Each structure stands twice: as structure tokens, then as C-alpha cells.
Amino acid sequence: MAPRKLKIACAGLGRMGKRHALHFLNRTPRAELVAASTPDDEEIQWAKQHLEPYGVRLYKDYDEMLKQEGLQAVVIASVTTVHAEQAIKAIEANLHVLCEKPLSTSVEISQSVVDAAQKKPNLKVMCGFSRRFDDSYRDAFNKMDSGLIGRPSIFRSQTCDMLDPSGFFVAYAEFSGGIFVDCSIHDIDLALWFFGQDSRVKSVVSSGITAVQPELRKHKDMDNAVGIVEFYGGQLAYLFCSRMMAAGQDDATEIIGTSGKLTVNAQPQINLVNIYEPTGIRREIPPNYYGRFEQAFVNEANEFTAACLDDLKLPMKLTGAVQAVKIGCALQESLNSGKKIYFDEVGRRTEKASL
Amino acid sequence: MAPRKLKIACAGLGRMGKRHALHFLNRTPRAELVAASTPDDEEIQWAKQHLEPYGVRLYKDYDEMLKQEGLQAVVIASVTTVHAEQAIKAIEANLHVLCEKPLSTSVEISQSVVDAAQKKPNLKVMCGFSRRFDDSYRDAFNKMDSGLIGRPSIFRSQTCDMLDPSGFFVAYAEFSGGIFVDCSIHDIDLALWFFGQDSRVKSVVSSGITAVQPELRKHKDMDNAVGIVEFYGGQLAYLFCSRMMAAGQDDATEIIGTSGKLTVNAQPQINLVNIYEPTGIRREIPPNYYGRFEQAFVNEANEFTAACLDDLKLPMKLTGAVQAVKIGCALQESLNSGKKIYFDEVGRRTEKASL
Amino acid sequence: MAPRKLKIACAGLGRMGKRHALHFLNRTPRAELVAASTPDDEEIQWAKQHLEPYGVRLYKDYDEMLKQEGLQAVVIASVTTVHAEQAIKAIEANLHVLCEKPLSTSVEISQSVVDAAQKKPNLKVMCGFSRRFDDSYRDAFNKMDSGLIGRPSIFRSQTCDMLDPSGFFVAYAEFSGGIFVDCSIHDIDLALWFFGQDSRVKSVVSSGITAVQPELRKHKDMDNAVGIVEFYGGQLAYLFCSRMMAAGQDDATEIIGTSGKLTVNAQPQINLVNIYEPTGIRREIPPNYYGRFEQAFVNEANEFTAACLDDLKLPMKLTGAVQAVKIGCALQESLNSGKKIYFDEVGRRTEKASL
Amino acid sequence: MAPRKLKIACAGLGRMGKRHALHFLNRTPRAELVAASTPDDEEIQWAKQHLEPYGVRLYKDYDEMLKQEGLQAVVIASVTTVHAEQAIKAIEANLHVLCEKPLSTSVEISQSVVDAAQKKPNLKVMCGFSRRFDDSYRDAFNKMDSGLIGRPSIFRSQTCDMLDPSGFFVAYAEFSGGIFVDCSIHDIDLALWFFGQDSRVKSVVSSGITAVQPELRKHKDMDNAVGIVEFYGGQLAYLFCSRMMAAGQDDATEIIGTSGKLTVNAQPQINLVNIYEPTGIRREIPPNYYGRFEQAFVNEANEFTAACLDDLKLPMKLTGAVQAVKIGCALQESLNSGKKIYFDEVGRRTEKASL
């Protein structure tokens, strides 16, 4: 008898939705993509060509899709503004959920997904922080976890996108939650991973500039920003995010412990080729995050599938996704107020520095 | 209607056979692994667990497997000594063939596969030189092909395996054809790719040592060897092969043109992690060729499948595989005779240097 | 007639003083080291062996040395606490001055050196920020200056020393001015160089931890710290300093412009050797700042000498050294208060953020 | 009393002669450049400006210079064709000699210098193989010597110059001895250093092409060549030399031992800067050998000086320089004959391979 496969649907077929759909269709042996939904006509046309011939049923309405018989799980890759709502509906329909990050740009709404999930402890509900599934980050984590660098103390991480001169990000900034919530959320999640999921934030402060897209200011956003996150327990993270890179995606992380340091992607490269030419020696780097993290997304699909089928523990808690949004929102607020923000030991805002 | 898939069988389930079987089972969306054969009981046991539950029919006899109804293609990953025989049988059974390298350690036997294939021009018959499917090599080739480095003139390539102190390679050397036929065959194939498939060899010469495994001498083999291959037309390849690496797989290539140079993997690494510790900064490298070329093997499976289904041109000619064996055998001969070997412009051995 | 040489004396023969003395003695062809002073008996003994035989006159008293006939210049490498006093005395004695950084850990005292120097415009008075003389930093600056990366906008820099478990830095912290004044002063100076000497600071904020040396707290210092410096004009610098590195000196800088980025020493190494061994591939890095910047110190000696002899413009203004101390002190203050510090456009402290 | 200095003269003030003269004048504290000679009027003019003012006496005639009172040593940087003659004259005048490589392009003439030197065992006579004084090569040698990589077995080295489209090398080839004697002589010397000065060559074979300068053929030279050198004792060196590099000087070496590997300059770079721009990440490399080895030449001057003054052992034997020329000449011969050349265990040419 053939082993059973996870019947999964994909909500949203935009840039990332298409990728998730294809990963579950073609690169997740234990999953079967059975449905996909999108309100967008162009995306439906794409799906008729790339998904329907392989037995994937298409829906314009998300709610209708949830009713499909036998459906066991949903991957949510729609616009951020509906992530939480769709996730909660899926949970209520007793479906496992893999939701693209962030759950929401609001801490409260993010928390509502956690609340819904906690009522259905049998379901696997995961926010897709793809870097957790990247081989290099995992290798670094395992090395740190084995004690190789002593006690992790300083965490530096950056998410730096290639400049998109089309103005896309200016429009996008209206709903993205801002550069710290949209980009640095990954770095924040990594900090929580490396420092421990239960790390408690003590303060955040940030500064930013609009070097190339001053119009971002109307959405209270910047194109380059730096933030410092202090944790109770004597750990420090500092973050840089940018949408101005000339060469391509430049995401790097370093974890400094009391007896060593680990870096991930401190010397970016797209492959193993070097080009020697009259101007010197050159290597290329990935043009975007998918060029850097494609395999991590595929790993994510496969591990989420295995967790659902075999009732395994997910690699991260859903509560961490709320914590990440909370820190991201505070950094974004500091970016605009110019002020440092303090938290007490139980996570409430406070006015005074605790030294 | 669901798109049709290529029904393929896997011959041989040793180290590489298992990998091919799993690639076609799980990572080749347009293929369906329908059968596998091996005379080995342990391998059958493995297959009962990992293949049979997914609908793969198992055979102890290769010939029986070829009769399975609906079969369209075979991937041959059995011991080198039966590659050619199995390939020819498959061709005669009107099956597409993906055969692991080399076709044979004998030039004549290799040629017999080409002869068989030429009688069935509708079949796709390919010798699996995996590096042709590696993203970095392809990027380098495309850059060279676009003229980026001028006219390719010098080719340096090495295949360097990690030392296996178990003595495996001494036993293996009895049938491997020797280090130039077993290891450098990849580098030779790359040279023929980068210099052009119709490059004509003018001379070969080689030297070697047995630094760690003197017992190799009884099979006329060495553990480290260097060779020079001259081509008519003013191109030069030089090769290094070794089975003595301490750190892991160290396969590197450089192509030098009249106005630039390309390197592939001149700075090996297993991932993007660097470790800072009291002894300095360290990176790890893959322990073996599969750690380096896994994705290339998967690409190979997918592209072979597409070529069969859509009647596309294969990325390389089968005749090149014979040419590679011919050069590899000559290098191995020179290694033992200490003499340079010359060829005339139509490929026949000659006694005199042609300057 | 032999070309004239600059007659120079060295004040202080501690770790760095010995080096300066030897640089001027042996590696500065246009200078002649004619005197050296130190109150320390062990240092005098060293000088009797290494300097006196070459015609260098030794003094236990700095003031006496200043009276030596024919003396034209002094390099001051004594303890930080006497830098300013000795510099002012030398200026008043009409001597050119090369003073080790910082002028003082106090902004006011630093300014007093500038005031003294401004009364003697014919004298060359320079604070020795050695990185300004490093070939790599200069190459990066020139590339930026030529427009290669557009408008410089983000500056990241770190000074990271190897862990010294002897406890030296705890005692040292009493007088060093703290990690931002002692270590990051170099990074601050670089920021002022790359962003323009007249950049005006808008705010500073910092955070730190004592991961390995909690005793530093008694001197209001930390062993790892991160700071953000905002400038009027839309430029941002962020800094990391540490005394906890396992591998050695790890000083790196990146300058991000609107159309490109430059990094200096993002992949540290002591030389061009890589070691392949069973644990991977390793390279070593310099154990300390002198291992990284030795040649920069030699360049500094030679260029200071040329500036004195040929009345050339110094590569940087003395006022910048005061500005660097001012920023360093503010970062150190923020480290202890936990508060962000604001400046108005003319450099006065203010309570309000200016957005 | 001031310590005594070595009084040295420089013969030849061409490209490399000027550098040697300035190194001894300015960067060798224990030496005093007292004289220089050249028959070339332009070079005399240069010397009047750059040397004479510092007390260096100038000669148009080498023999006259040798008579200068008090002279203790000569650095010979004239054209290769007079190296040996000038060296012998200096030896006969009881002067220490630092002679640029090679002693001669003829083995016999090279040997005549050794013969002359052996009659004056009190003199220091050294052939300047600059790489022996390079920090990276020395670090690699010391690591190997300490046993870090086991028994050294395979040696790969290349000397690759940037393409000089002026045609200089075509004219130069008439007297250079050919690319193996001119360029690879350094790599051969390194092989003898790493494998042991008393290594005995067993065979050489080489191949070459003229990819960009076919006119070299008239001087029996090539612009790219590869050679294999076998040694008695089971060691193998393989060499590549080129005058066709696009990016700059690309000299790299690797030493493979039975338990590890060392590379020197496998990733060339001119400094620690990386440039991120729309085409990727770029680093520059030195334009020529002096850009790569400047500090090694300075070290050479200082250590030769110390050896003369303190009667220290030179870092290498003069006989090695003859051995290097012998191997270089044999490689050059093989390049033109297309034949492998064999040597017996006492170094005589033989017709038969010894296996």
C-alpha cells in the first residue's frame, strides 16, 4: 500500500505563493498539492497552466477551498493583511497551517493566531521563517549549540535587498509594516533562535535614513536602518536592513560567543565561480532572497509535511512569531520617534532604563 | 488529464544506485520510478523498505526487469564492468538509457555502446557526467561561451577525494580502470566540454606516486597523479587526481582564455559558515563527491527525463564518453610506462611528436 | 650635500613607544631619531640596548629632552593621561608633534591641544589615527571618493581585540576612557574621514555587556558594546567594539553608498596561506592591532616626516581628533546611562530628538 | 660607538636594479649603499637624482666600482647575460654577492659561479630567489616543516604574469632562457625548498602553447606552458607559467602532504578591500610580481645584510640555484622537443625511464 501523503492547499499565488505551490507540487514527495486559491485572475490563469493539469483544484474563494474534502493542511502565501484571518479560519477548519511571515504587522492580531492555535493543540501551526531551514544557519546553530563558541552573547544580522528602482517598495511600504517588520523580522527571529526562544527583550532603539527613496517617509518608512535590541540576561543583537544594495541580496549573520564566533554568508556568492578579468577578480551574488534561500523553502515544505504526517514537533514555537513582530514593531516605532523603548521583565513597556 | 511521466527503472542499488533511485522517486517530478534491480540481497532489503512501498517493483535479475510492461527508460548504476552490457541490452529493448560513468574502462567496449545507440537514433542514451549539470560549471561554461575570457586555451582540473584509510580503493583499483579512468574522467570530460566536443588529442603524458597506499601498485594504480593532455589546435589541459585529501572533496577547475580566467571551486566550502576559534578561521568542505555534486545529480535526472519525454537534445554527445575513456586510458598507460603517448590528427597512436 | 633629515624624539617607550622609536630609527629614511625619554627604568634599559648605540640620547625627563639642541619634532607615545600636556609643551617649544591617539579622554583637554596648535600654524601637529595610513583603507577611501559607490550613507565598523585573560584590560579601563574612547575611537575617526571631516553628529546611543569580564563594571566599562551615531545630513554609522575575540584581531569596516559598497577586512587573514586539514580549511589572523596595522604605522612615520620637512598638508585635521573624542565619550556615557544623547546642529547637547 | 653597516654597491639600475638600490638605501637599516654602476645614460641620470644626493657614488664601469675602497658587498641586478661574470669578479674581489636570479640561463655558467664561490668560503654568495623571503611562503614552509601536513608529496606552483601587449616579452625571450628559465625558475626553487634542497630530479616533461604571441616561437619560447618534474624519492611537482593573465599577477602554490595541504595565494588579492557593485563583488590583484613580492625583496636585503655582517648562514645554498637552472632548461628543452627527459640518480641525462 502506498504511503499516505499530506493533502495540502495553497492560499495566494503571487510571487511567493507560486513558489510554495510548486514546492509542494514537485519537491515535497510526501505532500500532495490538491488545491490553490487566489482572487486574482492573472494568477488563476497561471494556475490553470501550471497546477490544474497535475490535479490541483483551483478556487477564487479561500473559504470555498477550505471545504474541499480530504484537505489536511494549508500553506498561506497571500497578502500579509489577510495572513492572520486565513490562518484562523484554517485552524477552525481543523487544518494544519504553514503561514508566510509575518503573521501580521500587528502584535495583537499576531497573538490572535496563537490563541486560535492553542485551542487546537493537535494541529501544526507554523510561521514560515525560512532561514530556520537553511543548511548554513542550521550548521551554525548546531555548532553553537554544541558549545563551540561558548555562551552566545552578541548577534549581528542584516537583511539587505538589491535596490529596486521601480518604486515598488514605496507602494509596498504602505502595508508592509515597515522595513523592520518586513525585512528584519527574519533577523529578529534568528536572534530569538540563537539566543533562545524565551529571551526577553529589555530595550530597542533604532535609526534610519532614506538615502534613495525619500518618498518612503510618507509611510513612516526608511530605506536603510540600524537597530539595537537588548535582552535581559546580558545578550545584545544589532541589526541592519537595507533596500539599496547594488550587487544583490546581501544577508549576513554573525554570532559571537565567549570563546568563538560563527559567521553565515559574510562573503556572499551565488555559486563557486570566480571571474578573473582586467578589473580584478569577481564573483556574483544572488539577485534576491529566493536566490539565496530557495532550498530552505523546499526544506520547510518537506519538514512541515513530515511534522503533520508523523505528529512531530515543529522546529519553532508559534509564540516566537509574535515576539518577533513585537520587537520589529518597536524598532519601527523607534525609527520614527527617535527614542529608545524600554520593556520590563514581563514584557510591558516602561519609561525607565533598567541597568 | 494528468501529464504523462517517464516510467524508469534503476539497475544497481549500491552507493550511487540508491541515490539515483531516490532522485527519480522523489526529486524528478516528471519521472516515475517503476522498477529497480540488483543481484545483492542486502540491497534488495533496502529497496523493500525504501522503494517498494512507493510502487517500485523489485527484481534480482536485470533482464527480467527490462521486460516490465510500459517501461520507457533505465538508469544504470551497477558495477562498471556491466555498464556497457546493460546499456546495450536496454537499447535493444528500445529503452532510453542514462548510464553512470564510465561506459567501460575499455575504449572498444565503450564504443560498442555508441554503436548500439546509433542504430536507435530515437532513443536518448547518455553517459552521466554529473558535472555537466552542476550550476557552477554551467555558469562558467556560459560565461566562457559568451566570450568573456576570449579563446579558451589552458584548462586545469582536479578530482581529489578524501583519504579513505579503510583500504577500499586498493581493492576497488582492480576494476576501476585506474585513477585517471575513475577520477580524472570527469576532468577529461570537462576539458572536452570547455574546449569543444570535437577537440582532437595530440599527446598525453602523466606521472604519479603512491604516497599513502603503495599496494595500489599491484593493480598498476597510484594514489596521486598528474597528467598533461595536448590538443590539436593549440589547447592544453593539465589534470591532477588524488585520493589523499585530509579535509574532504577538493575538486577544482580553471579555464584560462586569452583575455580572462574562470575558476570553479578554487576555494572549496561545504556551506556559508565560517568558524572563528583560537586556531584561526575555519570552514568545512564536503566529505565526498556527492556532498559536492548532489544537486547536479538531481538536475541530471530531471533533464534526462525531460529529454526523453519531449524529445529534446541531450546536453552532450555519447561519443564524447568514448573519447574521455580513450584519453583516460592513455594517461593511465603513461603513468605506468613513464612514456609520453602521441596521436595523429585522426586519433591513431603514433610514435613521433608532431610539433 | 646630503639631504637634511627630521630630528625627532620619542616620548614614552612602552609597548607602542618602542615601536614608534624603532620606526623612526630604522624605517623612516628622512627622519633621524635623536632622543627618547621615559621615566621607567626597564624601558631605559631597553633603550640603552636598542637605541643608544645608534646615537639616540636618552632622557628620564621629558622636559629635559625638549631642550635638546636641534630637535625638530616629537612623537608622543606615553600614557594617555599625559598626551595632551606633553603635546602642548612640545608645541610651545616650537616642535612638530605626532601624538598617539587619543589626545585625551576628555573633550576639553583634547581641545586645549588644538588651541595650542592653532597659535603655531607653522607646526605640524597630528593625532596618530593609524588606519588613515593603511593601504586598504586608503584604497577604499579613494574608490569612494572617485564616486564608485555613489553617496556614502551607511558606515559600519568594528574594533575587536583578542581576549586577554590576564585581566590587563580591567586595570587599564580605569584610565582608558572606556571601550568606545579606547577602541572605537578609530572607527569614529574613520566615519569622520569617509563621511567628511565636517560631519555633524545628531545623536548617539549605545548598549553593551560584560560577557567575560564583569569586573569592568567598576570602571563603568564593558567588554562588548554596540553604538549608533546619527549625523546631520542623513548619514548613519554603527559601531561594534569587543575585547573577547577568540581568533585574533578582527577589525572590519564597510561603507555603503547609494550605488555600491566597500568592505575592508571583512575576511580577516594574517597572510596568504590556507591550511587544509581534517577539520576543514583554516587561515590564521593577526593576534593584535599591530599585526594588522604595522605597515600603517610605518607609513604614518614617513608621511609625518615628509609633512614636517616639506611643509606639506597633513592628511587629517587636528580638530577631527577632538570630534572623535566627543563622540566616543558620548557613546561611553550612553553605554552607562542607557539613554540616547542628542546634539543640535552646532554641536551642543539637547534634550529633544530632531527628526 | 655606532654599529657598523654593510657597505654595498648595486650593479645595474634597470627596473629591478633601481628597486634593489632603493631598498639598500632606505629600507635596510644595517646596510649603507655606497656605490652604483650602470653603462646606461638614462639610468645614470636617474641615479644622479635619487642616489647621489645620499652619498652614493656612481660608476659607468662595473670593474671600476669594485675597486671602491671599503666596499664589502655587491647586489647584482644587471642583465641576466652578465650576472655570472659580474658575480665571479665580485667574488674574486672578496666581496659578498647577492645576485638576481638566474645566475645564468646556462647550467655550466651557473656552475662556474658556484665554483668561484666555493674557493672563498668566507664570502656570502646568494642567488636572490625572492619568494624564499616572503612571509606567506615562510609560514607555509614552517607549517610543513613542523609536520602539519605529513610528508610533502605533491607540489603545484604557477607564475602567471599579466599580459603585456607591448611585445616586450617577445624581444625579451631572445635572452631570457625561455619561460621556464625566466618565470618557473621561482617555482622550481620553491619545489627544491619544500621537497628538500637535495632532491634529485628523475624526469621532466612539458608542453606549451602560444595563445597570444605566436612570434615567441622564433625564440623557441611559448606564452603558456605546463611541466611535470618527477623526483627520486616519490615526489612530484607540476608547474604552470603564463604571460597572458588578464587580472594581474597570479602566482599560487600548493603543497600536498600525506595528511594535509597548504596553499599560498590560491585567492589572490592586492589588499583587504572588496567592492560590491552591480556586476557582483570584486577584488583587485597586484599588477606585477613586485606588487606581490615587494616586502620579500626588502626582507631579502635585510637578511643578506645580516648574514654578511654577523657571518650567519644564508637561508639557501648557492648550489640550489644551479639545480633550478638545470631543471628549468630541461623543461624548456622538452617544451620544444615534445619529449620527456630522464635523469639517472646522479643527475646525468639518460634515455630510459626508471620506474
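Note that the chains take the letters A, B, C and D in the order they are written out, and that residue 1 is the start of every chain.
The rule we apply is simple: a residue touches a chain if its C-beta (ideal position, glycine included) is under 8 Å from a C-beta of that chain, and two chains touch if they have at least 3 such contacts.
Keep in mind the model is a prediction, meaning the values are calculated, not measured.
Student: If each hop has to land on a touching chain, what is the smallest number of hops from chain A to chain C?
Tutor: Minimal hop count between chain A and chain C: 1.
Student: Among the chains here, which has the CA centroid at the largest distance from chain A's centroid?
Tutor: D
Student: Approximately how many whole Å separate the CA-defined centres of chain C and chain D?
Tutor: 39
Student: Could you please state the distance in Å, as a whole number, between where the Cα atoms of chain A are centred and where those of chain D are centred?
Tutor: 56
Student: Would you please write down the residue numbers of chain A that are in contact with two or more other chains?
Tutor: 149, 245-247, 250, 259-261, 266-267, 275-278
Student: Any idea which chain C residues touch chain B in the complex?
Tutor: Residue positions touching the partner: 245-248, 250, 267-269, 275-285.
Student: Would you mind writing out the residues of chain D in touch with chain B in their complex?
Tutor: Contacts found on chain D: 149, 151, 153-154, 156, 163, 203, 205-212, 224, 226, 228, 230, 234-236, 238, 240, 242, 244-247, 250, 256, 258-261, 266-267, 336-340, 342, 353-355.
Student: Tell me, which parts of chain B touch chain A in their complex?
Tutor: These residues of chain B touch chain A: 1-3, 25-27, 29, 53-55, 135-136, 139-140, 143, 148-149, 259-268, 270-278.
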